[in-house]
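Reviewing the structure listed below.
First chain written, first letter: the chains are A, B, C, D, E and F, and each begins at residue 1.
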Amino acid sequence: MTRGILDYDFGVQVDLYLLIKSATKGIASNGKPFLTLILQDQSGEIEAKLWDANEEDEKNYTAQSIVKIIGDIHNYRGKSQLKIRQIRRTGPSDSVKLEDFLETAPLSQEEMTSKLTQYIFDMKNPNIQRITRHLLKKHQKAFLEYPAATKNHHEFVSGLVYHVVSMLDLAKAIASLYPSLDKDLLYAGVILHDMGKVVELSGPISTTYTVEGNLLGHITIMVNEIGKAAEELGISGEEVLILKHLVLSHHGKAEWGSPKPPLIKEAEILHYIDNLDAKMNMLDRALERVKPGEFTERVFALDNRSFYKPIFHK
Amino acid sequence: MTRGILDYDFGVQVDLYLLIKSATKGIASNGKPFLTLILQDQSGEIEAKLWDANEEDEKNYTAQSIVKIIGDIHNYRGKSQLKIRQIRRTGPSDSVKLEDFLETAPLSQEEMTSKLTQYIFDMKNPNIQRITRHLLKKHQKAFLEYPAATKNHHEFVSGLVYHVVSMLDLAKAIASLYPSLDKDLLYAGVILHDMGKVVELSGPISTTYTVEGNLLGHITIMVNEIGKAAEELGISGEEVLILKHLVLSHHGKAEWGSPKPPLIKEAEILHYIDNLDAKMNMLDRALERVKPGEFTERVFALDNRSFYKPIFHK
Amino acid sequence: MTRGILDYDFGVQVDLYLLIKSATKGIASNGKPFLTLILQDQSGEIEAKLWDANEEDEKNYTAQSIVKIIGDIHNYRGKSQLKIRQIRRTGPSDSVKLEDFLETAPLSQEEMTSKLTQYIFDMKNPNIQRITRHLLKKHQKAFLEYPAATKNHHEFVSGLVYHVVSMLDLAKAIASLYPSLDKDLLYAGVILHDMGKVVELSGPISTTYTVEGNLLGHITIMVNEIGKAAEELGISGEEVLILKHLVLSHHGKAEWGSPKPPLIKEAEILHYIDNLDAKMNMLDRALERVKPGEFTERVFALDNRSFYKPIFHK
Amino acid sequence: MTRGILDYDFGVQVDLYLLIKSATKGIASNGKPFLTLILQDQSGEIEAKLWDANEEDEKNYTAQSIVKIIGDIHNYRGKSQLKIRQIRRTGPSDSVKLEDFLETAPLSQEEMTSKLTQYIFDMKNPNIQRITRHLLKKHQKAFLEYPAATKNHHEFVSGLVYHVVSMLDLAKAIASLYPSLDKDLLYAGVILHDMGKVVELSGPISTTYTVEGNLLGHITIMVNEIGKAAEELGISGEEVLILKHLVLSHHGKAEWGSPKPPLIKEAEILHYIDNLDAKMNMLDRALERVKPGEFTERVFALDNRSFYKPIFHK
Amino acid sequence: MTRGILDYDFGVQVDLYLLIKSATKGIASNGKPFLTLILQDQSGEIEAKLWDANEEDEKNYTAQSIVKIIGDIHNYRGKSQLKIRQIRRTGPSDSVKLEDFLETAPLSQEEMTSKLTQYIFDMKNPNIQRITRHLLKKHQKAFLEYPAATKNHHEFVSGLVYHVVSMLDLAKAIASLYPSLDKDLLYAGVILHDMGKVVELSGPISTTYTVEGNLLGHITIMVNEIGKAAEELGISGEEVLILKHLVLSHHGKAEWGSPKPPLIKEAEILHYIDNLDAKMNMLDRALERVKPGEFTERVFALDNRSFYKPIFHK
Amino acid sequence: MTRGILDYDFGVQVDLYLLIKSATKGIASNGKPFLTLILQDQSGEIEAKLWDANEEDEKNYTAQSIVKIIGDIHNYRGKSQLKIRQIRRTGPSDSVKLEDFLETAPLSQEEMTSKLTQYIFDMKNPNIQRITRHLLKKHQKAFLEYPAATKNHHEFVSGLVYHVVSMLDLAKAIASLYPSLDKDLLYAGVILHDMGKVVELSGPISTTYTVEGNLLGHITIMVNEIGKAAEELGISGEEVLILKHLVLSHHGKAEWGSPKPPLIKEAEILHYIDNLDAKMNMLDRALERVKPGEFTERVFALDNRSFYKPIFHK
């Protein structure tokens, strides 16, 4: 992996391409406008101020454009900040492209598609299998590209499917230790549980919530989708109800967004698998950034805890 | 109204017809079987023990059968109990029928249907009007017969539609005081909000939850129904999303079963109207049973409070 | 209505009178003092910085003084800010007066007084009527001028009485649908419930809490007032106790400031009417500021929700 | 102290006088009426069943009457029960009186009155002193007789004043260690904090809540009393407000019944002293009943904990 | 497996050996003593009443004795009850033994010991390995016999070690999917996390809490044990602190008994593995007792939920 | 006491020595680095900005160094700020020492040691006495120097022992009023309850949490210490268990960090004494800074309340 913006020490001068994630105008105490730029590459984000910004600057340096910057990394309240010496917008001659600056899943879409296909193939109940396959096919493109969330965990390109694929492997391992579990339900539950996010969220980059996402949420959206799929496929067994329930209850409690708590064994386990994979992802990302003997930054979605990396984990 | 089983004083001997709501077998300390009968008429319920019950008794005295009883009302821990002297199962010659023993709404189904029709007629937005009319027509029979709940409030035959009709009148009164409210949304929200109960509950008498009711709940069921209706009618405007949201959010908070809180003004007001009508119903029923200067029994669904009836309310 | 400070677009130059709501001194990074001014007219508030403020500026530009300003509206983190070009304190020749800059209720004090009088006239129970009339008369001047709160809802001149008058109309409409309600209690409860705010709050403008407001609160203050009124009028029936209870319980729950929850039917309904009118006021104010298809700012007193204005509400 | 009903072992036959605390009629499984009697003496309460009770029994054995009983103590689910062999109602010739069967405070009313007088005498601030003395005088008879509660702690004759006197001694000890505390406020707060119970509760025996107690509560009642006292005495200083606040806030938190939390140092300490004395009372009573090495019964008002008595505390 | 007491239908007459789990004396309404016996075999428990019990019965039929019973299974409020026709205490000639009536883990102690040995053998960090081996050896006998709890999950002979062995397999499977996890810490955490229960609980049968268990709890007990072990072995690295933390935090939250939440990645995962295995155990046991299409009894430790067994799970 | 940095009015020029508590580098809007200095003396802390700071400044003005400053006190958002005119690092010739700038307990270490000795001497139970004396001796140096916390209460040099000594006096006063209390347990509990802070915290100045403090906490650390002490002294009575329980439970509830709530009378009282002394300390410190008739700043550890100082407390 090449060196990213977060891999430099304080005090170092850098000369590199970065993607503008967001640009906000402000007025400095001397009365002149300035731009606060959030810049990113695959290693993460850094803030920079562009002082005395004129109107042309405002037009040039907008979200989703790529810039070339010479500047210095310094320390602002314990966080990296970039002090800009030179900045220019890139053109075709720079031969850089958007994808180079976005974080993506560690597996390719092909690898993940093939895994999904295999798990669906392994299902024995035809009703469950057909509904799952139908919905995956219907939403396939977005499902392979969307992040799992706007923040907290798997918030990168293809994060949604990567989360699903990790959960499938976990489901398989658990089901082999507890043979009373219905594998078909577990696999289908894993694949469908967050699929409604392809409607709830706006897309793979600069992700926000859609109006439908805000007013209904991905759980309700997906329960409807299962109903529609069953109707289109002419399937009416109890499997339809159970699949809806698996999606409906996967947040575990009413106050976490599931109007019904898990009332099926596989629904309870699905909730656990979801949580466990999300937590592993958050923990790994937080711990990657500190050295043995240090505590991580507080992780909001893990009850605001700060985790310790043991010294003997060198 | 004729005198009901709860209208007699302690110590009085009665001779009347009653409906068996439930019958449960037990073994007395002398080793002999007995039946605990919950008996009802339109005034309410009373418990009775049938001691030394033989097998024939068990077959005769089952739920939903009507009996003729001679017995005494006495006081058991502050509640009425019926001590049976004579009991027999009724036959055709008794000319009593089931409906005579069930509590029903104070308005007839015809009156309520006509009110519903008028409110739908008053809607101006054709999308909202058509979806509401379509769903009312689809579920009309059950909607007119079901209770609003198995307990707590409007738990009587036609309780659901009676609750809806009261709420419509309240919605109209409020909308005329706050003209910024969208009447169409309010009326549609009121009519649809609990309609999923015709799937969630088992029917108008001896009401229980269906499996679908337990695993999905009336809110999710109804959101799906709105989606289906819109599709069948070929309606795709934002009204569909808003109607779904009205139903989805009408419990007000995630911990009360709404995965999204009200995020539309009319959704917030719908939640209030629903609550206000339910509470008035519970308060009136609890206060009817006590005299001025007394406190009611604790009402579980009203935070277990015991309400006072002022002395000057004679 | 004339154009207010919040009605201009970003980038526009304005020349207008504004009232200074508050002025706070700071030290800029160049070591020089500056003033942060919160300026207001009837449309709302805007922030402005007065850089390099000297001692005379500090004396001139204080809270409650009116200034003439030429400046530019610009956008700071999504909120309007005013960049001052010229500023001067107004004098008699400007012929502007305080009231022109304060938000007031949409009804005149006369209209509202007449409504209050009518509702009291309609009461049938003489004890309730006399106590209500006595207390209204005692606190009339402040009651007609005070806001209902320092923020959240009805936080404008005469906001308290406007809130009461809206609630009275609502109480009347509800009582006509639920005839078991005691109208006298409802009307008296509405008129008295927040009257203690004339002691709890400091006055109609730049409103803060008094020491008595902080240490006792408007509920306790008003319960005492009812007791005193009854004594002065020589009234001793149960009505006194019930009126005290209506005021005492109107926040609905101990954790919301009512040491006793509503234990009278009308007390429960009073709590609902209070809430409903307050919420309608907050919702209307929040939604007025956005266009169809947008979400409002988060409203703290409505559980920090952000409300959506449907697109078809054009 | 003579031997009480709770001091006998299981299996023992007893012959003694007892007070009937309550008598409730039931119907046995053989269809015959029986009475459940709660019998008490100063050591506590015991339950007894009077089988086959006739009408004369019902009239004879009512609450507050004293009976002579011969019977056997036996063990019913770990609790003592009294099996009646013979029972008769007492008459004048038995020379027993009500007080002999009621638990009372360990100090006499005279001793406690003298302590109260001394503490009031020690106050330096005349406003605080006069209000406290005035209110004590006004309610003196009931204040000396009432319990502090219907259950949980100090639920015996003169329990209220005994609780106050213990708290005064504690207040004095604490104030001498933390000299910044205002002794006058502490003493007055202690004496007045629960005085409203003389209106909230029905009296020293068979204590229940009055309607005023239910609808207003002792805190609100007493805040009003302080206001009235100040008016009658022509006192208007800030001391009146502070005394009201001390009473108002002594439950510590809104959810525990104080609409305002303590906002004065002495109010915070008063809350602590109240709690500490109540807890010591509950702990001592629970621990008295077990032997070293045992756990007490669960104490509901102490978070349902069961306390251990160390073995080395012999 | 032979037929157990819970495997018979209502109405059937049985003739079999049962273990008395507990025997409690009561007094019937006819004034005669009776015994309530809780009887058990490996299939579960059933209640029986022995009416008109004399003193000899009381001595014969005590907890932990085995009886031969002829009686009838009947239905009491939906639960099985045993109506005794004949009962006698067993003697040597019956050749029955205690173990035959106790539920035990499905794996033998030998199998489980061998699994534990292998997992410890697989550890790479010598400090972690030595401490774990030392403590296992120290408590081995009890560790192999104790249940994991007095109720809720794994409440059978050898339940503790069975829970641990299942968790080890789960830990291995998860660690192979998330290679950043430290296997040594996970395995040691699993083996040690509940080992303190051998002090907290009284033993493998009729299990209760010891005084030390009540006052300190198994977590604190075990943290001390790790400290002592490290000292005895002369180990002082950070591993000691981390092992203590794993045990200390394994309940996940302060309110669940862990004074520190997990602050190490493996501690967080240990908490999950513990929960998942416990829940699988409870779910399987609850679902075993119902047929497809039915709901289980409410499971208190699973938020009092009632779980559904899908019809297609035949 | 000499005048401290917080004793000057706004606008005054000062010339004095101060200790740098912390120094943080930032970049001003003109692109130049600056230092934010938190400066302190025994009266408290003040913030100052050192603009245009060069590299030498960064090296000179670091935490724990003492500086001589000439500057002006001004008001920044209601808080004092120091505007630096001249600053220089002190050298030996300034004859100032670290201790002069640190807040310390109002009693000397000798006085407090002597009090501790006396209380231990007064103990009657030899096991309790020996363990307490042993542990005090083992940790004596740190115990006499450490603060009781990093913030909130007793956060000054020797704050820990000062808190303990105040609590001992309080324990003695309370025990003399409630003679059923075991003084030995109370005294030992007070002395040991927070002693684990000498391991949990880093030291008497610039106090932070150690890794062991973060992962185990002072309660668990101290429970282990008691176990070790008992072993070393060969003491094995129940006193060891009870002392552990006193320390374990002194935070009162699981959610406040005590895995077991107090289950011994003296443990419950210890929790109260701890709270009361901590609150008195916080209240006195907050109230010292305001004048009669004013409210204090909000005190986070007292539920964020703002306390009022009565006007008649002049």
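The rule we apply is simple: a residue touches a chain if its C-beta (ideal position, glycine included) is under 8 Å from a C-beta of that chain, and two chains touch if they have at least 3 such contacts.
For reference, the UniProt names are A, B, C, D, E, F = 3'-5' exoribonuclease YhaM.
Just so you know, these numbers come straight off a predicted model, no measurement behind them.
Chains making contact with chain D as well as with chain E: B, F.
Counting hops only between chains that touch, chain D reaches chain F in a minimum of 1.
Chain centre most remote from that of chain E: C (centre = mean of CA atoms). Taking only C-alpha atoms, you rotate chain B by 120 degrees to land it on chain D; that is to the nearest 5. With centres taken as mean Cα positions, chain E sits 61 Å from chain C.
Chain B and chain E have centres, each the mean of its CA atoms, that are 44 Å apart. Residue positions of chain D touching 2 or more other chains: 29-30, 211, 214-215, 238, 242, 263-264, 295, 308. Across the whole structure, chains are in contact as follows: A-B, A-C, A-E, A-F, B-C, B-D, B-E, C-D, C-F, D-E, D-F, E-F. Residue ranges of chain A in contact with chain E, taken from their complex: 125, 166, 169-170, 173-174, 176-178, 180, 182, 237-239, 242, 253, 261-265, 268-269, 272, 275-276, 279-280, 283-284, 287, 295, 302-303, 305-308, 310-313. On chain A, the positions that touch chain B within their shared complex are 211-212, 214-217, 219-220, 223-224, 227-228, 231, 238, 241-242, 244-245, 248, 254-260, 263-264.
Those residues of chain B whose C-beta lies close enough to touch chain E in the complex are 24-27, 29-31, 211, 214-215. In the complex of the two chains, the chain E residues touching chain B come out as 28-30, 34, 49, 51, 74-77, 81, 83, 293, 295, 308.
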